[in-house]
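Once you scroll down, you'll see the structures, which are given as structure tokens.
You will see two complexes here that share subunit A, one where it goes with subunit B and one where it goes with subunit C.
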Partner chain A sequence: MNGGVLSQGLLPQLAFIVVVGITFCGAIIAVFHRNILYNVLGLALALCGVAGLYVFLGSLFIGLMQLLIYVGAICIAMVFAIMLSRPVHLPKPKRKVSKMATSIFAGLLILGVNVGVIYKTAWQPASERKLDWSVKTIGDFLLTRYVLVFEVISLVLLVAMLGAIIISRYNGRTS
Partner chain B sequence: MNNLTLYLLISAVLFSFGLVGVMMRRSLIAILVSIELMLNAASLNFMAFNKFLSPDTSIGQIYTLFIMGIAAAEAAIALSIFLALFRQLRSINIERARELRG
Partner chain C sequence: MAGFMEHVLANELGRLIVGLIVVLIFSQLNALFLVWLERKVAGHIQLRIGPKEVGPFGLLQTIVDGLKLVGKELITPKRADRILFIIAPVLVFVPVLVPFIVLPFSKSLPLNDMNVGLLVIFSFSTINVLAILIGGWGSNNKYALLGAIRSVAQNIAYEIPLLLSVLSVVLMTRTLQMSKIVEAQTSYWFFLVQPIAALTYFICATAETNRAPFDIPEAESELVAGFHTEFSGMRFGLFFLAEYTNVFVVCAVATTLFLGGWTGPFGHSFGIPGIIWFLAKTYLLVFVIMWFRWTFPRLRFDQLISFSWKVLIPLALANLIITAGVIKLI
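What follows is the complex of A and B.
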């Protein structure tokens, strides 16, 4: 699982290009399409592509978690919210050209700064590296060194669920 | 394909798409979609640094898991807020939600 089999040869390179293409196509659909349902489906496509990139980065476990949590839970929840709020049938006002130009300019600016930083920095690997990709080690860390963060995240998820239930049951007429 | 810069570039492009979406779209769900794209770009950065630079290759994966958990909580809260807002305004256009405008 350490990416050794996925690093050499023509076929893996082709697969990598396909995965990156899927990611960018999904991102373009998610951002620029007018229909909101297509936005969410494009997001699902982009997330699948990112899961493929995680597999290329050597972690099959995180790739599967990405598919399970993001594609399987978050995207489906968004589709449910769209179905419940029916915004698809509402009239869509036209986009303002000035707003589009401003946002695309800001995006290109941030992209330029990021690319500049990426190329200017001399990335140096840590002097001694432990190359341990097993899921067992992740579990060990989650229950020893990162146990506080783990518990706090479970608390945050619990509070978020309770808050979501209460907020969405509140019908706004009592105020 | 086995170098850090390529993954960082992919992640920067994804982040820029998310930023453009947040600034350009007016539907709240589309903004949430763009925020998820930006979060994914951050996770991709974590995984790339984890593979090529970090002293221990478990830690980046753990951080990516944490980001996923936070994103799930955020999506649940945001979607319920959108539902409540839709009941109030009959719209999820962000420009209609101006009750708190100063």
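What follows is the complex of A and C.
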């Protein structure tokens, strides 16, 4: 957390490069590999790397939550869904140009929005920041200023769950 | 020598390295001991004697077995996914070592007493499931795949009540730090005030470690050996080591959360050091889990899943809400 191994000389820089490398490798596997199970495992690797980045940013709590929720729950649910779907050993369909175009467009859009937000934000050096972003502060904010956002996110999850139930319930019966 | 050790222990990196070596040795010895204990317990419950030839009371039997495993050939099935097949046993064993960093064996002994200690344990325990999944899928064997799928369905179902029951203790102590949770129990242990949470945790922990009566993922009579059917030699040994280390870890967490960790009953330690209290309670719970295995028949898969979703989750959720309400009122 504060200080310790992560703040002495060469070691943290090396560790940082390793973590970034893990994230990149995972992301590349997640996008380019033709085996869908490898894609998900690559995603899990990338998310582990992101968890490591959170630790570098000084929040072990968020890093562990990332591991618990994204790697532990979401990736496993994805693999589970893949196992219940089409067999992986069948010949793979060719990549459609239209699909690739839409996915590249969506990816660029998200990237553009993120870069825009990063440029617009007035970043402060760590020493000048007034608030401490400890777990307590985040918790306070979630239940006061951002309570509406918090509730809307849970609504989104509810909608996704209902969608999953409807797909699994009615797909089998009609076809 | 003592001066050198002091120097090493003063450095945080040195402390970490020494700690990791100790953890590695301890986890191996613990797994060997637990395998021996399991065979002895099984033997006595079934009116047999269990291993007795090698060493006093057969204590060295599992060491010999381990050496045999090391000497065996590592067979990779022809159609298996080579990369996944090789990394699965490694990935299954590494995450179970991480909790040892935060386990509070005694007042001064947690390797690193982080303020998010409890979270470390649960976030790394989920990687285990991913490893089982990789192993089962990578073997390219129908029994292994079925075992892996069952394991995941079971783990997803039982992780929720497990975390909910842990949360009610966290709400009471308002901390995720293992040592503070233990210190909050100096006057009384939490299983007295949180019996439902303690029971839910213990049932879920048995299921999370794939132990009987929840050992559906490796049910011999229908799935050969489940997800580790195709693994041979020390690769199989790693799955085995991981399982027994995991049993120890969940029992140690149960001891910390509900049985007062290193403290004695009602604040009296009777002059016995904390680490003895901790290990005694943990191994008692391990014994109970083994006792389960030779007492209850295996559940059917639909019973197993519906028991979690329809009984344990509502129960744990109600317990959490009541706990929160009572804390707010007091």
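One rule holds for everything that comes next: the second predicted complex is superposed on the first by the 126 of 175 C-alpha atoms of A that agree within 3 Å, B and C clash if a C-alpha of one lies under 4 Å from a C-alpha of the other, contacts with A are read in each partner's own complex, and residues count from 1 in each chain.
To be clear about the criterion, contacts are C-beta pairs under 8 Å (C-beta built on N, C-alpha and C of every residue); 3 or more make two chains touch, one makes a residue touch a chain.
Worth saying up front: this structure is predicted, and the values here are computed from it rather than measured.
A.B. asks: Is A:83 in contact with subunit B, with subunit C, with both, or with neither (first, second, both, neither)?
C.D. replies: After superposing on A, A:83 lies in contact with subunit C but is clear of subunit B.
A.B. asks: Of the partners subunit B and subunit C, which touch A:99 in the superposed model: first, second, both, neither?
C.D. replies: A:99 sits against subunit B, while subunit C stays out of touch.
A.B. asks: Go through the superposed model and pick first if A:61 touches only subunit B, second if only subunit C, both, or neither.
C.D. replies: The answer is both, since A:61 touches subunit B and subunit C.
A.B. asks: One more residue to check, A:73. First (subunit B), second (subunit C), both or neither?
C.D. replies: The answer is both, since A:73 touches subunit B and subunit C.
A.B. asks: Would you check which partner chain A:108 touches, where first means subunit B only, second means subunit C only, and both and neither mean what they say?
C.D. replies: first
A.B. asks: Of subunit B and subunit C, which one touches more residues of subunit A?
C.D. replies: When the residues of subunit A touched by each partner are counted, B comes out ahead.
A.B. asks: Of the residues on subunit A, which ones does subunit B touch that subunit C also touches?
C.D. replies: Common interface on subunit A, subunit B vs subunit C: 61, 65, 73, 77, 80, 84.
A.B. asks: With touch defined as at the start, can you tell me which subunit B residues reach subunit A in the complex?
C.D. replies: For this pair, the touching residues of subunit B are 1-2, 4-5, 7-10, 12-21, 23-27, 29-30, 32-34, 36-37, 40, 43-44, 47-48, 50-59, 61-62, 64-66, 68-77, 79-84, 86-88, 91-93.
A.B. asks: Along subunit C, where are the residues that touch subunit A in the complex?
C.D. replies: Touch list, subunit C to subunit A: 12-13, 16, 84, 114-116, 119-120, 122-124, 126-127, 129-130, 133-134, 137, 145, 148-149, 152-153, 155-156, 159.
A.B. asks: Please output the residues of subunit A touching subunit C within their complex, sorted ascending.
C.D. replies: 1, 4-5, 8, 11, 37, 41, 44, 60-61, 64-65, 67-68, 71-73, 75-77, 79-80, 83-84
A.B. asks: Spell out the part of subunit A that touches subunit B in their complex, as residue ranges.
C.D. replies: On the subunit A side, the touching residues are 3, 7, 12-13, 16, 20, 23-24, 27-28, 30-31, 36, 39-40, 42-43, 46-47, 50, 53-54, 56-59, 61-62, 65-66, 69-70, 73-74, 77-78, 80-82, 84-85, 87, 90, 93, 95, 99-100, 102-104, 106-108, 110-111, 114-115, 118-119, 123-133, 137-138, 141-142, 146, 149, 153, 156-157, 159-161, 163-165, 167-168, 170-172.
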